[in-house]
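Please find the structures below.
Next come two complexes built around subunit A: one with subunit B, the other with subunit C.
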Partner chain A sequence: MTMPPTIDIGRALLDRLVTDVDGRPLGRVDDIELRTPEAGGPPVIEAILCGPMALGPRLGGRVGTWWLSVGRRLRPESNPEPVRIPLALVTELRPGEVRLSISRDDAGTLQLRDWVLDKLIAPLPGSGVAT
Partner chain B sequence: MTVAELLACEVVDANGDVVGEVHDLRFERRGAGAAAGYHLHYLMFSSGSVFRRLGYGYGEMKGPWALMHALRWLAAHRGWAVGWEHVTRIEGRRIHIDMPVSACRSILDLTGGD
Partner chain C sequence: MSKLASITLGILTAIGGFLDIGELVTGSLTGARFGMSLAWVVVLGVAAIMLYADMSGRIAAITGRAVFDIVRERLGPRAGLVNLVASFLINFLTLAAEIGGVALALDLASDVSYLLWVPLVSLLAWVVIWRLPYQAMERVYGLMGLALIVFVVALVKLHPSWSGLWHGASHPTVPTGEGHPTWFYYAIALFGAAITPYEVFFFSSGAIEEGWTRKDLAESRANILVGFPLGGALTIAWMALAAVVLQPRGISVDHLGQAGLPVAFALGKVGVAFMLVGFFAATFGAAMEVTLSSGYILGQYLGWSWGKKLRPREAPRFYAVCLLVLFGATGLVLTTIDPVKLTEYAVVLSAVALPLTYFPILVVANDRTYLGDDVNSWWMNLLGTGFLVVIVVASAAAIPLMIATKAGL
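Take a look at the complex of A and B:
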């Protein structure tokens, strides 16, 4: 495990590629969830947030609202939330990369991609995707 | 709370002046073992959005010589860091601190240009 003593969020985490335990990409860091300790004190990093439901609010403005709306429409859940990866699952921060200790199948970041593949791409004639 | 709610917030110093926008956050690891966590230590802010777009102040900008030195000068004089303990309140997109900007550390001092 290679975690540094300090992290500058914008420099080392946001927008970095998230890879699973085998080095396979599974998304990007779109936002970071913070927890304010009940006993007081500064906020603590709780989890990495991925996907359009996390990126939309961060973009802000009309683009952010549009991005969020597209994300909501393409997600099967009625009230979709950002994909949340607890910081405890991060094993290493490399330049441009955040490595996790889990497989990407367990991370849940590819739900949107899989849903689009199943519902939109696969039905198209000649898509080459088995239905 | 998320990081996005803090980034790009305006910083208001003890004199009531808007002195910049938050462009990065520094977290520090505290504790040991399973109890270890990254705690928010510094808000880094600067006047002008060009600062955060270029990401200078970290010493990652490599030449041209004149541009590099100009940006390092700006990082030293127009970018600041303030400890979370100096944040008095957050109102919407404004973060109030209890000290004048002149008393804040420069970003270059914090990062050491690394």
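Take a look at the complex of A and C:
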């Protein structure tokens, strides 16, 4: 991975587009997970967090709570946490873009997309989806 | 062939994007009430949209980032969301007004009530978005929109006093019997119509859909330099028609039919036929652009796959948003709300929301990590900042003026 040792989170990471190994978008960096090393020292970035459950708390207020509750419905009940993408999967930081080493189908950020595809788009004539 | 295609992108953006229901309503309405005294606003609006379209097109071509991508990135999630909600609402009102405009044009042509045309117009819009390839859509509406040149032909045919029109435009004064607040309220409406947010959303997203790169920048500039002034010139001709025919007779414009009277007066049925084809193309093309823009901005804010180039199964959320917005806007027009009033509100509210869109464009257009040596030159920044100041003033004044004048009474 070509990550510099220190980065400006606000400038190079937060709110950037996340793309998969083929350059297809899978969401945005809605929040990040930090860990403070036990030995002391500055916090280390552990993972990027995607989806409404990560964005809700950053929006704050009533809108944030509402956003969060939408996100909760999109996550399995067994795992009510935001989608977490370990930093080890990040291959490149481009201007405005965070590139991953995995396919977006394995990232777990596309529940809403799959739901919309199944319930709304596929049944329409000419959608190009075999039903 | 690709040269032709990208120039039609310019013409479509000019006709459908610049000259749409907003200009058709506000241009004629202000011409009938204030003569040529607000023509300067159109010139100012054209200059502002040219500059910001150039910046957003350049950012799109070099970095592959569309406007709302940048809005989220530079304003952060909260201010970005405020802008998203405001822009989405304005898009929604604008779309309803455009659908109403298409239906009114068909009403004038057929004498069948516009309300009966509305569902058919929406269905046609959906079929075009769902099935028609991007470039076919652009060419058809771009070329049909050229029928609006009939405005210029009608004006020449009327043999107006050119020096009188020029004097009215170059010495703007508030006509007797009209108050300053009303005059400024309509100045903001004209300005808002010229720089409606969806134009830069569509321009930058369309550039990405067409796969523009740095090589295409010269063509992008050509589109802007031809397209927007053409749209502006047609708007001024349209305003002049109302100033020459409607103002002296004290006819006010409450309906698109009254706005069309000068063309009927000058050229008869043939002129009206051309005008209605142009109305149809301009408002229908704009309806496409506004619908797509709704999908673009939501998709860009949330990091979805978006774009008409993608098939529905590749960008299901994008297509779902377009469908729902079209459906909702159709419902709004069918409430029998007056499409002309709807247009006025949409263009004034456009002016209110604009600073949150134009500011991030100006910032990123100066970011060397994104654009390298293609950042704004000093004169672009000078003009861009000047226009931003005008936009902020218009944005702050719009709502108070709307209340003070009871929305232009």
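Note that in this section the second predicted complex is superposed on the first by the 103 of 131 C-alpha atoms of A that agree within 3 Å, B and C clash if a C-alpha of one lies under 4 Å from a C-alpha of the other, contacts with A are read in each partner's own complex, and residues count from 1 in each chain.
We take it that a residue touches a chain if its C-beta (ideal position, glycine included) is under 8 Å from a C-beta of that chain, and two chains touch if they have at least 3 such contacts.
Since the structure is predicted, the reported quantities are computational estimates derived from the model, not experimental observations.
A.B. asks: Is A:R28 touching the first partner subunit B, the second partner subunit C, both, or neither of them?
C.D. replies: second
A.B. asks: Give one of first, second, both or neither to describe whether A:P95 is in contact with subunit B, with subunit C, with both, or with none.
C.D. replies: second
A.B. asks: Please work out whether A:D15 is in contact with subunit B alone, subunit C alone, both, or neither, and reply first, second, both or neither.
C.D. replies: So A:D15 only meets subunit C here.
A.B. asks: Looking at the overlay, does A:R58 come into contact with subunit B only (first), subunit C only (second), both, or neither?
C.D. replies: After superposition on chain A, A:R58 lies in contact with both partners, subunit B and subunit C.
A.B. asks: What is the contact status of A:P123 with respect to subunit B (first) and subunit C (second): first, second, both, or neither?
C.D. replies: neither
A.B. asks: Looking at A:T36 after the superposition, I want to know if it touches subunit B, subunit C, both of them or none. Which is it: first, second, both, neither?
C.D. replies: first
A.B. asks: In the overlay, answer first, second, both or neither for which of subunit B and subunit C A:P86 touches.
C.D. replies: neither
A.B. asks: Once the shared chain is lined up, is A:L49 touching subunit B (first), subunit C (second), both, or neither of them?
C.D. replies: first
A.B. asks: Where on subunit A do subunit B and subunit C both make contact?
C.D. replies: Residues common to the subunit A contacts of subunit C and of subunit B are 14, 58, 60, listed in rising order.
A.B. asks: How about subunit C: which of its residues touch subunit A in the complex?
C.D. replies: 63, 65, 69-70, 72-73, 76-78, 80-81, 130-131, 302-305, 311-313, 316-317, 319-320, 323, 369-370
A.B. asks: Within their complex, state which residues of subunit A touch subunit C.
C.D. replies: Residues of subunit A touching subunit C: 14-18, 24-28, 30, 50, 55, 58-60, 63, 95-96, 112-113, 116-117, 120-122, 124, 126-129.
A.B. asks: Quick check: in the complex, which residue numbers of subunit B touch subunit A?
C.D. replies: These residues of subunit B touch subunit A: 1-4, 7-8, 23-29, 37-41, 44, 52, 55, 58, 84-85, 111.
A.B. asks: Which residues of subunit A touch subunit B once you look at their complex with the stated criterion?
C.D. replies: Contacts found on subunit A: 3-11, 14, 31-36, 41-45, 49, 54, 57-58, 60, 87.
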